[in-house]
Amino acid sequence: MKYVEFDASRPLDIIPLGRACIDFNPTDINQPLSKSSNFIKYVGGSPANIAVGMARLGKKSGFIGRVSDDQFGDYVIDYFKNDGIDTSHIFRAKNGEKLGLTFTEILSPTESSILMYRDAIADLTLDPSEVDEDYIKSAKALLISGTSLCQSPSREAALKAMELAKKTNTVLIFDIDYRPYNWKSKDEIAVYYSTVGKNSDIIMGSKEEFNLMEALMVDKEEDDAATAARWHKFGAKIVIIKHGKQGSTAYTNDGLSYSIKPFPVDCLKSFGGGDGYGSAFLTALMEGWEMMDALEFGSASASMLVSAHSCSAAMPKMEEVKEFIRQSKEKYGEMVARG
Amino acid sequence: MKYVEFDASRPLDIIPLGRACIDFNPTDINQPLSKSSNFIKYVGGSPANIAVGMARLGKKSGFIGRVSDDQFGDYVIDYFKNDGIDTSHIFRAKNGEKLGLTFTEILSPTESSILMYRDAIADLTLDPSEVDEDYIKSAKALLISGTSLCQSPSREAALKAMELAKKTNTVLIFDIDYRPYNWKSKDEIAVYYSTVGKNSDIIMGSKEEFNLMEALMVDKEEDDAATAARWHKFGAKIVIIKHGKQGSTAYTNDGLSYSIKPFPVDCLKSFGGGDGYGSAFLTALMEGWEMMDALEFGSASASMLVSAHSCSAAMPKMEEVKEFIRQSKEKYGEMVARG
Amino acid sequence: MKYVEFDASRPLDIIPLGRACIDFNPTDINQPLSKSSNFIKYVGGSPANIAVGMARLGKKSGFIGRVSDDQFGDYVIDYFKNDGIDTSHIFRAKNGEKLGLTFTEILSPTESSILMYRDAIADLTLDPSEVDEDYIKSAKALLISGTSLCQSPSREAALKAMELAKKTNTVLIFDIDYRPYNWKSKDEIAVYYSTVGKNSDIIMGSKEEFNLMEALMVDKEEDDAATAARWHKFGAKIVIIKHGKQGSTAYTNDGLSYSIKPFPVDCLKSFGGGDGYGSAFLTALMEGWEMMDALEFGSASASMLVSAHSCSAAMPKMEEVKEFIRQSKEKYGEMVARG
Amino acid sequence: MKYVEFDASRPLDIIPLGRACIDFNPTDINQPLSKSSNFIKYVGGSPANIAVGMARLGKKSGFIGRVSDDQFGDYVIDYFKNDGIDTSHIFRAKNGEKLGLTFTEILSPTESSILMYRDAIADLTLDPSEVDEDYIKSAKALLISGTSLCQSPSREAALKAMELAKKTNTVLIFDIDYRPYNWKSKDEIAVYYSTVGKNSDIIMGSKEEFNLMEALMVDKEEDDAATAARWHKFGAKIVIIKHGKQGSTAYTNDGLSYSIKPFPVDCLKSFGGGDGYGSAFLTALMEGWEMMDALEFGSASASMLVSAHSCSAAMPKMEEVKEFIRQSKEKYGEMVARG
C-alpha cells in the first residue's frame, strides 16, 4: 500500500529547506578537540546532507537556503553542482553572515561532541521573500529541517514554505533534527515543532524529539504508539520514531507499524547516521518500495555513514548500499536488520 | 442555537493576552499632532480595553501580559484593579522596557492617525514561561490579540497560550487587531495569523485583516462567505468579518450569517469602536443571548465608543448600553442597526 | 581678562550637539506620576534648551542632532525655527527611531523624578557622517552635551565634532549633563567624559559629574580646586563646578576663582536651572562681560527657570533677566547672589 | 640614548590587550580557499602572537582578553601556559561567544587573503570591569591592539586600560593593527585610533594606518616625518612607520630617525611579519639595545615569520634570531638590512 502519493509529473524529487554548513572533522582523533590540530573540511548540515544523499541515490534534489557570500559559500554551491543538485534557490547572505561551522570532537567511537559556530550565520537569515511558490510546486516533496525554525527570519521562511506546500499539494516532510544551539526555551521549541508537525505528511525524529514537539500537549511522556497516533490524527501519514542503536519504527496511518534495526558495523563516530537513513528511506519511498524494504535501505545507509569520516562526502550510491546490504546479509543472515 | 460552549464552572470569564499601554489623547483636537499641546492619559491597547470593557459589563476579566516596572506600569495595574480585573498574571518588564504609548492625532471626526512608541516595549517581552496552564484553565475563554504575535518572545508566549487553550478545552478567541508597526513583512503576518486562526473557535477581524491572514492560501481575494467557510473548515465556530461603517457579519459554522450596522452617532474619533464591539458581543455570547441580540449589543457599544474621548475610560456599563439602544430605537426605529 | 577668545567673524554663535526631545509636564502636580492625567508638551533636552535659551538672549544658535521623522520631529524643528535657530543640520531618523520623551513627576517643589523613553531614540542615532567640518567652522563655539556620548553612533559623532572643533580652532564647551539612563557602567562614563574633557576649553558640571569624569584618574575624591587644576592642566580655560543650591564656582586657568549663589525664588520644580545657567553664562561670556557679571546673569536665569513650568518655553529674553536681577537686588540687596 | 624608560622593578615585561583567536592555515596551498580541504590550527591574533613572540625571546608576558568557554578557549590558554605566559587575566566569554577564526587563503607567496569569523566573538566582549589597575601596574608596558577598539565593550576596556596605564606610569604601546572587519566607518576609526595615539609612548603602524588615525586632523596625506612629528607633539617618544617590503623607519622624539629593510627570504605567505617585528623590536628595546640593533632584530624576526606556515607557532627564540642574522650577514653582507 502507498501511504504517500508523489506527483510524478514534477521535475524535482525533493527540496530540503534549511542549513548548509561546513564540518571540520579532525584527522588526529580519539582525543579532546583542544588537542586536535589537523582538520578536513566537508559540506555539512542535515538538509544539505539529505540533498547530497538523495542525489547520489539518483534523485533530483533542489535546495532552499542561504549561504555565505565568500569562499565557503562558493565551496557549498560548487559541491552541490558537482552532485547535480539544483542550486537556483540558494541565496547569498547580504550582511556578511558566515557559513555555520561544526568542529567535531571524536573522543572515541561512541563519544563525540561538536563545537558549533552558529551566531550571525547565513542559513538563519533565509528570508520569507526568498521562498517561491513555483519552486515548491516543481517538486514532489519539501523537507523542512527543524533547525530552520530556531530563529527568525529563517523560521518564517520555513513556515511560509509549509503553507505553500499545503497550497500546492506538495508532500511535506518534517525532519525534526533537534540542535540545542540557537533555541531559547523548551516552550519555543514546542510551539514551532508542533506547528509544522500538525501540517506534515511524514515526520521523522527520535523519541526525544517527539517529546519536545508535544511538550505542551501531554502531561507526561506517552508510548511511541500513542505519540504516532496523535500525529496521525493531525494528518500525518507516516511517523518514524527512532531509538538510536535500538532501531526505529515507522507508524503508518492505517494503524500498522514497521520496525528496523541497524546493521552491524565498526563505528567511527556517533553521528551522521540520521541523514543517511533519511535520504535512503525517502528515496526508496519515492521508488514505491515496500515499507520494510525502504526501512532496511535507510538503515543500511545509516550504518555506512557512522563508519565513515564525513557525512556528505560519504553518502553512498544506490549500488553501494545494495552491495552493503548483500554483504551484510551474507555475513549475518537475511534478517540481520529486520530481526 | 449555541455555537460555542463556555464552561460555567470556571471562575474567570475571559483572559485577554497581549498589550496594555497608554493612550495620550489631545484635548486641543482638530489640528495636527505637532500643534496639540495638551494631552490626557488613558489606559489603552486592544486587549486591555476588552478586559476593561467586559469587566464594566459584569464579567470577570483576567489578563496575561507585561507592563513596565515604573509609574506607568503602576497606573495600568491600579486602573485594572479598580475595575475588578484579576491582575495576578500581569508581569513587570525586567530590562527597563517601557509601556507602549499611543499619541493620537485627531485631525477631524473622520481623520485620525496615531504616533506609536512601540520599540523596547514591555508587552512584547512577555515570556512563554509566564504563560501558565492552570491560569488558562481557570477561564471560560482566552482572547489572543494578533498584535501579541508581531515579535518574539511575546509571539511564542501567545502560541504557547494557544496550545494550552486547546489542551484545556478553553474557548479560543482570535482578535486579529492588525497594527502595522512591529511586523517585518506580509509573509510574517500571514504565517502567524493563520497559525492562530487555524486553532481558534471565534475569529474577529476586518476583511483586510482576513486577507492578511490568508495571503499564502489564496491567489486573489475571495468574498466574505468563502473566507468564512475556509476558517470554519479549519475549526472555527464563529467568524466575524467587519466592514467599518458598512457594518459587520457573523458567519456561523452551520452555514448561517447574521449582519449588523452601526448606530447613528456623532463621531469624535475614528477608532476605539472595535474594542467596544468585541467586549459587548463576547459578553452577550457568554450570557447565551441570540446571535442578533449579541451583535446589536456589540454594535451599540462600538457606537458609544467612537463618540467618546477615550477607549478604556469610556467603556460603558450594561445598563448604559441598554439605555443607549433603547434611546436609539426610540429615535431611529426598532431596526436601526439590524436593517 | 578674557579667558576664551571667540572668533567674531563667524556667523553662528553656538552649535549645541546632542538631543532634542519632548518633556511632558503634568498640570495636576504634587502627586505621583501614576495619578497625574493631564500633560503639557514642551521641547526639552539640555542642548535643545541651551540653543533656545541663547537664541532668546540674542545669540545665533545652530544645532547638530537627529529628530524623529514624525509629527514630534516636526514640532521640534518648527519650534526652533520660530526662535530663529538654524536647523540646517538637524537630521531625521531613518529607521523609525522616535524622539526621546521625558515625563516629569513633580511630587513637591523639591522632589521630582523623571520617567524617560530613551530606547531606539532619534538623537542617539546621529551619525558621524552628518557632522560637517564647514558647519562647525561657521560657529564661534561648539557645545557637546555629555549625554550624546552615552551610545553609538551618537558617541562617535560627538567625538568627531570634538576633533573638528580642535582642527578648526572652534571653542569647545563640554556640558557634562549626566543622565544615568543609557550608560552601561561607570568605567564607560569615565573614559568618554575624560576624552572630551581633555580636549575642552570650557567644562561645566556638578561636582558629582566631575567625579564621574575623573574616576579612573584619582583614587579618592579631591577638592574642587584640585579638580579644576587637573583639567586646566589638560588645557581647559574655564572650569565651572556646581553645587546646586549652594551655588557654583568658575575656576579660570590663571588660578583665580569666582563664586555665585542662586537668587531667592519659589521653586516649582527642581530641574531646568542648569540649562538656564549655561545659556545665560555663555551668552554673557561671548558679550565680553566680566566673569562675576556673567555668573550672576547665569544664576539669575537658572532661578527664573526653576520657578517655571517648563524648560524651553520659559527661557527668558535679555531684558527679562536684567529686570529679574534688578528686582531681586532691590528686594534682597545688591549682593544677593554674589554674597 | 634611551627613549623610553621601563620600570625594572615590575615583574611582568609586557601585557598585550586584545584578541587571541585561531588561525586555520591550509596545507594544500597555492589555490583558492574554496578548494583547500586540509587545515592546521594555530593560535593567532596580533596581540596573542606578540605575547608568544616576546615569551619565546625570554620576556615575561601577561595578557588581558577574553576567550571562548569551550575547547578552543582551552587550547589558547594551554598554549599560552606552555610558553610561560601569565594567563591570570584571560577571562571566559559568558554568553556563548566563540573564539575568532581566521581561515587563510594562500593563493601564492605574494597573494593571500583571509576569511574571518568575527561576529559574536569572545575577544570583543572584554568588559571594562575586567581591566584591573594592579595588574597593569605590575607590568613594564601595556600594548593595546587597535583591533580591540573596533567594538564595545572591548573598546571601553581598552580605553580604561589606557587611562590606567597613564595613571600608573606604565609605558603605553599602540600597535594600530588595522583590520577592516568590525569597524563601521572611517570616522569611527579616526576618533578611536587618535584617542589612543594621543596618549601613547610608542606607536607602531603602516603609513596607511597612520593616515586612518589622523584622517580628521589633516586635509591631505603628509609625509612620514610630518606624521611622526604630529604624534611626538602629542607625547609619543617613538613612532614607527612601516612600508612593507620597502622597510620601516623609527622616528624618535629627539628629531632623529632610523631605517631598516627586510632580510632576503623565500616568502611563503604575505602576513605574520608584523607581529614578529613587534615582539622582537620591543624585546630589544627593553634590553636596552641601540635603536638600529633593535630594528635589525625586529626585521629579522619578521623575515623568519613570513617564510613559515604559522604566526604563533613559528615565533623564534633569541638564539634562533641571532643565528638567522649571523647567517644572513654571512650570505648577503653586514649591511643586508641596514642598507
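Just so it is clear, A, B, C and D label the chains in written order, and each chain counts residues from 1 on its own.
Note that in this section a residue touches a chain if its C-beta (ideal position, glycine included) is under 8 Å from a C-beta of that chain, and two chains touch if they have at least 3 such contacts.
What you see is a predicted model; the values in this text were computed from it and never measured.
Touch-path distance (fewest steps) from chain A to chain C is 2. By the residue-number overlap criterion, the interface of chain B with chain C counts as same, with over half of its numbers used by both chains. When chain A is laid over chain D using CA atoms, the rotation angle comes to 180 degrees (nearest 5). Chain B and chain C have Cα centroids separated by 45 Å. If each chain is reduced to the centroid of its CA atoms, chain B and chain D end up 61 Å from each other.
Centre-to-centre spacing of chain A and chain B amounts to 42 Å, using the average Cα coordinate of each chain. Looking at chain D, no residue sits in touch with two or more other chains.
The touch graph of these protein chains is a ring, one cycle where each chain has exactly two neighbours.
Across the assembly, chains come into contact as A-B, A-D, B-C, C-D. Interface residues of chain B facing chain C in the complex, by the touch rule stated above, are 24, 27, 32-41, 70-72, 74-75, 78, 96-98, 101, 103, 105, 115, 117, 119-120. Put simply, chain C touches chain D in their complex at residues 128-129, 131, 152-153, 156, 159-160, 162-164, 166-167, 184-185, 187-188, 190-192, 194-195, 216-217.
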